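After this come two complexes, each holding chain A, first together with chain B and then together with chain C.
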Partner chain A sequence: MRAARRVLALVRKDLVLEWRGRDVLVPAGAFGLAVLLVLGLVSGGGPQDAPTLLWVSVLLASVLAAGRSAEREGEEGTLEVLLLYPGSREDLFWGRHLALCVLLGALALGLWAAQLFLFNAPARGWPAVLLAGTLATVGLSASGTLLAALLGHVRAGRLLLPLLFLPTSVPVLLAGVRLTEAAAAGTTLGPWWGVLVVFDLLFLLVGPVLFEVAVEG
Partner chain B sequence: MPVARHAERVRASPVWGTRAASGPPSPVVTEGLGRRFGPVVALHDVTLRVQQGQCLLLVGPNGSGKTTLLRVLATALRPTEGRAWVWGYEVTAEGWRVREVCAYLGTAPGVYGALSGFENLRLAADLCGKPVGRVPELLARVGLMPAAHRLVASYSLGMRRRLALARAFLQEPLVALLDEPFVGLDEEGRELVRQLVEEVKSRAGAVVLATHDGDRARGLYDRVVCLEAGSLRAAGG
Partner chain C sequence: MRAFAMGATAALLALGLWLALRASPPDAYQGEYVRIMYVHVPAAVSSYAAAAVACVSGALYLWRRRSEYDAWARAGAELASLFAGLTLLTGMLWGKPVWGVWWAWDARLVSTAVLFLLYVGCLLVRDLSEDPVRGRRLAAALGVVAFLDVPLVHYSVVWFRTLHQGPSIRPGAVQMAPEFLAPLAVNVLAYLVLSGFLLVERARLARLEAER
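And now, the complex of A and B:
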């Protein structure tokens, strides 16, 4: 009960900070949109490229969002205060992860809508794309929260985050692209759903434990 | 009541037990404590005890290791040598227990500029498991009620430090670790620091107060120790 109260308080805090500052969604959304446009121009923006464009832009925007979300905490010296409150530090992971989930979900939805509008991509099989997006958001948020914490004590950690985050997220990228293509074609690809679920489970299980170690001074 | 909740620990802890046999129990104990940052030795072989109901004044020049010692005791940093116990809990192995009994007031207020004073303190109440109903009372106590719903970004440094003090009052700690607590505060604010120290002492807890300006803490402390280049140099009553 106490853990739930702590987690909810942390989620509310992060979302209120974002609502007032807009310092995660606006830069990450603008960056994702720029990636979408540039890749669309390079590739010709045909409907067959739409899934790849969407998922690459979501992934790159997620790197920025995860880094910025973690960075915000260090700027006012509030991270140390959070770490010194009573209770398990795993709650901090869950709070930060859930808030980032909401932000990444909004980001992915926005980029999806932009992709549909800009490239006249078909919205066929949207429930499957939505489910894949939800699973991907959970995994990217958990891995982003953990990796940003691991690099928190490292000099130039902000620059290193993409180096770790992008290779780690390759399974999400591949699964997202394949599932979106399959949804548009009206087929199903069972194994790729498994990839997303395993990725999520892995980071949701090891994330809280490693997070605690990562934030130790 | 924190004292009652942790009373079992007083009986069970070997650290408390040995102290009880040879004198009053010690809520803060360090034995050969040290901390390095790469090649830099910030703290070396610090052994000290703070008894129940005592305030220990840590003095020393800038860079003498006062903040490092407090941060190790607060579990913000891991010691690289030696051991330390706060309220009988070992700071490395039982950090989460230490954080239940201890409040650390650092040099940075550690408050969110984009939240109001009320929201900052409500967050603290949620994270400490304290009733949110106490928030208005504490804001009034530290003189921030008129600014309670203003964003903290518009607060002065003194007001931010008062908010951090309100957070410490909210925690009702048994051990308070105060790092330069008088900086940025006016006379009324400094009186709040004194009240915090007296409150903790009256709970049979202990306070470790670090400052390079001992005059401000006159009348508050029971013992003084001096740190120099990371080591204890002198102690006095």
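And now, the complex of A and C:
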């Protein structure tokens, strides 16, 4: 119970900071939109390209959001203070992860709405896309939280985060694209749901354990 | 002991090379290009073995914090990136004459490239970390993440699209003529012995570096 309260307090802290500063969602959202526009222009912007461009923009914007979200805690020594509080360090992972989930969820939702207009894409099968987006957000947030924490005290950590985050997230990208295409076509693809669930479980299991290692002094 | 291990490794590699270049006949379809397989497949097997060493040693280091395990994890990560790079290079050399392209968007190629990139990242994190002790911890953690993620990447890209042929050797079903199988088996063994030798030597060097 205490752990849940600690986690909720951390989520609230991150979301209040974001509400006041808007230094994750606004830059990452604008970047995602820029990616959509540039890739749309290059590819011709047909509705058939929309799922691929949507998920690429979500993934690239997620790298920025995960990096900035972790960086904010390091800037004013917040992490050091949080580590002094009693309680498990896993709670820090869950707090940061859930807050990032909310931010990435909002980001993905905004980019999905934007691509409907930009590419004249069909909104058909939106519940399946929404579910795929939720599962992808949980996985990307868990892997992003872990990798950003691991790279927090590394020189050129900002450059290394995309190097590690993008190859790691290949399963989410492929599953997202295929499920969005299938939803638009009115079909279902069972194995791809499995890929998303396994990715989520993997990072939700190893994430808290390795996060403790990352934040150790 | 070290001289014996070095001699045995060199002898096995020389035997493997002789079998690959002289004893193995050319393939009916691929001609002389089949000989690239005798480096490509052993390098791929060695990269998986080295990645497994990096994962297990990394997990043991995080648990026990003994520098001995860190030396093995470092050696494993270096060899995993080296052999994954060699696998990519030989695969591309074989792909151009046989497939007609240097690179194809195929499951094996992409997952090997991901393996290579993740272990390069792992080595960079260790070297760029501000505090060496923290660098060892982070590299060990990334070694575990990389090893768990790569099978998932592999199977997801298998479903996405595939061009690379399926495995010719499965438990209970070998679809390869003995004149190709024997040189391949010797070369796989030779590369695994070479990996073991390099692993031991690199771990020894890492321990000496740590003591300095």
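By definition in this document, the second predicted complex is superposed on the first by the 217 of 217 C-alpha atoms of A that agree within 3 Å, B and C clash if a C-alpha of one lies under 4 Å from a C-alpha of the other, contacts with A are read in each partner's own complex, and residues count from 1 in each chain.
Operating definition for what follows: contacts are C-beta pairs under 8 Å (C-beta built on N, C-alpha and C of every residue); 3 or more make two chains touch, one makes a residue touch a chain.
Computed from a predicted structure; not experimentally measured.
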item	value
Which of chain B and chain C A:78 touches, first, second, both or neither	first
Which of chain B and chain C A:9 touches, first, second, both or neither	first
Partner chain(s) touched by A:88 [first = chain B, second = chain C, both, neither]	first
First (chain B), second (chain C), both or neither touched by A:17	first
First, second, both or neither for A:167, with chain B first and chain C second	second
Touched partner set for A:153, first chain B, second chain C, both or neither	second
Which superposed partner A:216 touches (first chain B, second chain C, both, neither)	both
Chain A residues contacted in one complex by chain B, in the other by chain C	216
Residues of chain C that touch chain A when the two form their complex	62, 110, 113-114, 117-118, 120-121, 124-125, 128-131, 134-135, 137-138, 140-142, 144-145, 148-149, 152-153, 155-157, 159-160
Chain B-facing residues of chain A, complex	2, 5-6, 8-10, 13, 16-17, 20-21, 76-78, 80-89, 216-217
Residue ranges of chain A touching chain C (in the complex, touch as defined)	146-147, 150-151, 153-157, 160, 163-164, 167-168, 170-171, 174-175, 178, 191-192, 195, 198-199, 202, 206, 210, 213-214, 216
Footprint of chain A on chain B - complex, ascending	71, 74-78, 96, 99-100, 102, 104, 106, 108-115, 119, 122-124, 126-129, 151, 167, 171
